[in-house]
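Each structure below is given as structure tokens.
One chain, chain A, links the two complexes that follow: it is found with chain B in the first and with chain C in the second.
What follows is the complex of A and B.
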């Protein structure tokens, strides 16, 4: 859907920002000179359907980039801690516990104060907090794998530590890694929505699901509840499907 | 004649269309010991699991008769089974460490059985437990009953498991490889003890084992299974001394002989195809003594932490090891003697101290063959990748094409084919994996090969094949070898010189 956005949306302006005060708050299915408004229009007369679709791009981008950043930091940290053990492990585990103990949302808010508001800051902040989970999983996997004979065999064969860590052990941690990525992706989506709802995520007029809920939650008690319910349902749906995906993956043999 | 304890007629068991047992017929009378012998995949455990009601629900069972105490056991309810198990039918498992709960005192664990099946009071239960421990010849049963499983040796633990099985004076005892996890030296005594207790109580013993030689000592009758088929039955002594079926002959003939060192050893196919070579030239020790490796004053210790104090516990304290070119040095000893630690220290997997360590080549020329063929290979990698990365590391001058040719040659050297390069370890049997482990070590072009219990996890018929591969490459490449094993026959056959190690206290 996110990829097909340019074809399915009515409003081709970059942020679906084509305002027209002549068509504000039309009901779903209304027709104007723009075409059919499947989900109606918002209070500025923008096509709601187009904005919902484009909003998925923001959410998915945040998910992808945050997960990538968390992998980029989490894999090496977890791998080195688990593989080498000893003082390095103690230090890294301590650092992880410290970061872990700070509520994610709070940390993200603090980071956005430092880095300023905006979508880029959000995914950097989310990525920087989520790597701890990745590192923990990877460390646990490495602790289990490193005592296996194939690792000892690789040592005897004279392979270097980076070779053993990245080429021998890492591929065997793939299963749990995929699971944690899917769950992290889901929580990144939630954090982004939460932040946008609080007004420190994506800034208007950029359409984002969380921002749209924020914009329309007063309408919940009017007849236009769907304006905020639709993006809400999409967030719930995406998170649910990602979590289901990760469960299926982890139960697969 | 009293009614048989177990009577099975024409039993076939399949899992998802895959036949694991075919036309198995078996009658066990009170006071009788029958051994079911076979290698992995022979179906020897499946029938016993069925007789305990422990078979997976997906199993497709077809039987003319399957009776336990003259009742049709296939119709038993799960309540009936749980009344029978531990009470009238008891089981002794292979690994006493996993059969016992690690964090409950053994006396308490045994009492639980009595709690479940009797209404004795606490003092009587304790008395019964101590009595049972005394019967299995555990020294000082009163204080032993207060111990945790990890405070006992493997042999003692298995005695506890036997005592637990005998507690309720069962009519049938099923022992699945009861001595396989134990040292060779205690194996015989444990089996004899089990047999004695069972006979005294008038129960029947159903013994399952891969080792015909060991069970022949105690069993009245033997049933030999091969790929789910019964190939031979008869009195134990007769089957052992005069086997009729080629497979049974092979099972006995593949073992390294008690004397002489014929090379190659006959393998199972020789017996099945009746192509057993008559007289083979013996392996001989090299005549010239040219030292390859000398270690003097070797000490290996592990740190023990008790509270805040760190102490070092030595497993090897000041021994000398030297190895001549082209010779096989054997290290033998019971578990805890530190024989594996020596091998691991030489390749740098253990830290060690020594007054002098000299080796003529560079360290990468010493390679290691591991015990467990399943964990020694990286499950996510293809065989080709494994060999290629070792070749790249040790012979960087080779081009990719030359490397793939070399990898192919290595696999052929250990009796596999070029097609196996694209497979992952999962596609291979234990023996084949061990060959891959050997090929991988050879890719580093070693001068010394250290084999740590490298054939101990393998079936007898596969063992001889792998021993042949090892002796073959040693001869062709002029390697020196350190061979570590707990099996005296294998050590005697393989080695030119033997070092015996005993545990330090």
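What follows is the complex of A and C.
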């Protein structure tokens, strides 16, 4: 099930943005000189199947970039807070609880208000809000690990603090880290599609799943519900597989 | 106990101050001139200067920040207009001339709160009942089926569920269910122009918004009940020959419901944010709709106000639950008495 998301990236389509007003809103499975339109065509006569497949690119890219940014900020913050404790920890924990109090979606909306509409802004905004989760997990892990014997041994051997943090302790925390990455990937995907649905994420004509639902949900009452239901099902499927992945991983040991 | 409550209150105020500060600095570095946004397309230097002077936008950032804190704080120096407590002033909308953000939020917030409460109520009822039911049949067919369904439910983005439910229940099954595709709590009668309560319109949005919490609450209830059910005092209660109903309601549930309460309070605030999509699709006249409209018209004070209100609510709710927890749970209570 977990493989379902990545395999749809196979992309061999060139007509995703080709408009042809002679073949607008054809039903699924209809044929034109462009070939078979598996999911029919949209309101500009573009092949819906190609657009759905291309939409996966945005979703997966957002996931990867947001997770990378969140790791880049979250690991050092969590590690320093957990390792050094004291005032630094108090300050960082406070900063985290402040960010934690604003629902992620609202924080991202606020950030896109500042940075402007567009997909790059969404990458940054989602990454900048998600590091909190990473930092919380890493901090908790460091609190538990830092009093163990091997850390004491490393201190006695005279290793520097950065060496102990990144070379000695960090490798021991990667199990929970993988779990949080998978969950974050899923929520990044959800937030991106949500923002695109609200019209502040990917801008047309770039195909994105959330944007497609936005464009076609008024078509529900014309009997063309599949135009918005297909991308929706794909979002749900990707999120489900990522969540399953993280559950399986966390129950592994 | 009092010390604990005061300590929590202090923490909450500190967090709230952080949130207010973050929101202020986020929105003061907005590219684009606030005065320009307010005036729209007019480019009259005198008018711009007048607007800047009126809202204090010509002052240094530090002064603006102090004024902002003074405006939004619900506590102030008593004067002739108010006592120590005052209504927070979130400013005036840019696009809707002369409308106070506080009154706009005041009008829409009850609708959103009702929607979120209905969704949580539905989720607690269904998720809790199903979770309790399968906790008596671990690893059975129904257990596995419901767990799969709840994971699926948790993965559904709310805008997709909304579209799906609107399509199935209001369009395909519309003639049987009699539900509308869109609609708010109050409808206006086409003939007399009177506003009347239309509770029917609450069903679909609340159902949509409740789907994810149902999944979460189901799994939580099940796991918590299984965990507590394996403890010694439950075995003792059963060994005493108590009826299963008594064991469940008097012994199991009070202990097992702690994690559920925490999660529900956490979810409530995020539901207020998640309601954005549901409100848009079903045309529910709530805060989420207000926020998105403000976003599209770049109405800064409304956006800022909505973010502040929801974050503040989150902080207040979590603090309340923390304190409530201490009152209810004998283990925590013992520490502070």
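The rule is simple: the second predicted complex is superposed on the first by the 238 of 253 C-alpha atoms of A that agree within 3 Å, B and C clash if a C-alpha of one lies under 4 Å from a C-alpha of the other, contacts with A are read in each partner's own complex, and residues count from 1 in each chain.
Here is the rule we go by: contacts are C-beta pairs under 8 Å (C-beta built on N, C-alpha and C of every residue); 3 or more make two chains touch, one makes a residue touch a chain.
Treat the numbers as computed from the prediction; the structure is a model and nothing was measured.
Three-chain overlay on chain A, with chain B and chain C fitting side by side and no clash. In the superposition on chain A, contact of A:166 is made with neither chain B nor chain C. In the superposed model, C is the one of chain B and chain C that contacts more residues of chain A. Once chain A of one complex is fitted onto chain A of the other, the partner contacts of A:229 are limited to chain C, with no touch recorded for chain B.
When the two complexes are overlaid on their common chain A, residue A:155 makes contact with chain B while staying clear of chain C.
With chain A as vertex, the superposed Cα centres of chain B and chain C define an angle of 90 degrees, given in steps of 10. Once the two complexes are laid over each other on the shared chain, residue contacts for A:101 go to chain C alone; chain B is not touched. In the superposed model, A:200 makes contact with chain C only, not with chain B. When both complexes are overlaid on chain A, the residue A:113 reaches chain C alone and has no touch with chain B.
Figure legend note: chain B and chain C, brought together by superposition on chain A, show a least Cα distance of 7 Å.
Chain A residues in contact with chain B (one complex) as well as with chain C (other complex) do not exist. Interface of chain C with chain A (complex): residues 14-16, 18-19, 22-23, 26-27, 29-31, 151-152, 154-157, 159-160, 163-164, 166-167, 171, 181, 269-270, 272-274, 276-277, 280-281, 291-292, 295-296, 298, 300, 303, 306-307, 310-311, 314-315, 318. Of all the residues in chain A, the ones that touch chain C in their complex are 94-95, 97-99, 101-103, 105-107, 109-111, 113-114, 116, 186, 190, 193-194, 197-200, 210, 213, 217, 220-221, 225, 228-229, 232-233, 235-237, 239-240, 243-244, 247. Interface residues of chain A, counted against chain B in their complex, comprise 148-150, 152-159, 163, 167-168, 171-172, 174. On the side of chain B, the complex with chain A involves touching residues 347-349, 363-364, 366-368, 370-372, 375-381, 389-390, 393-394, 437, 440-441, 444.
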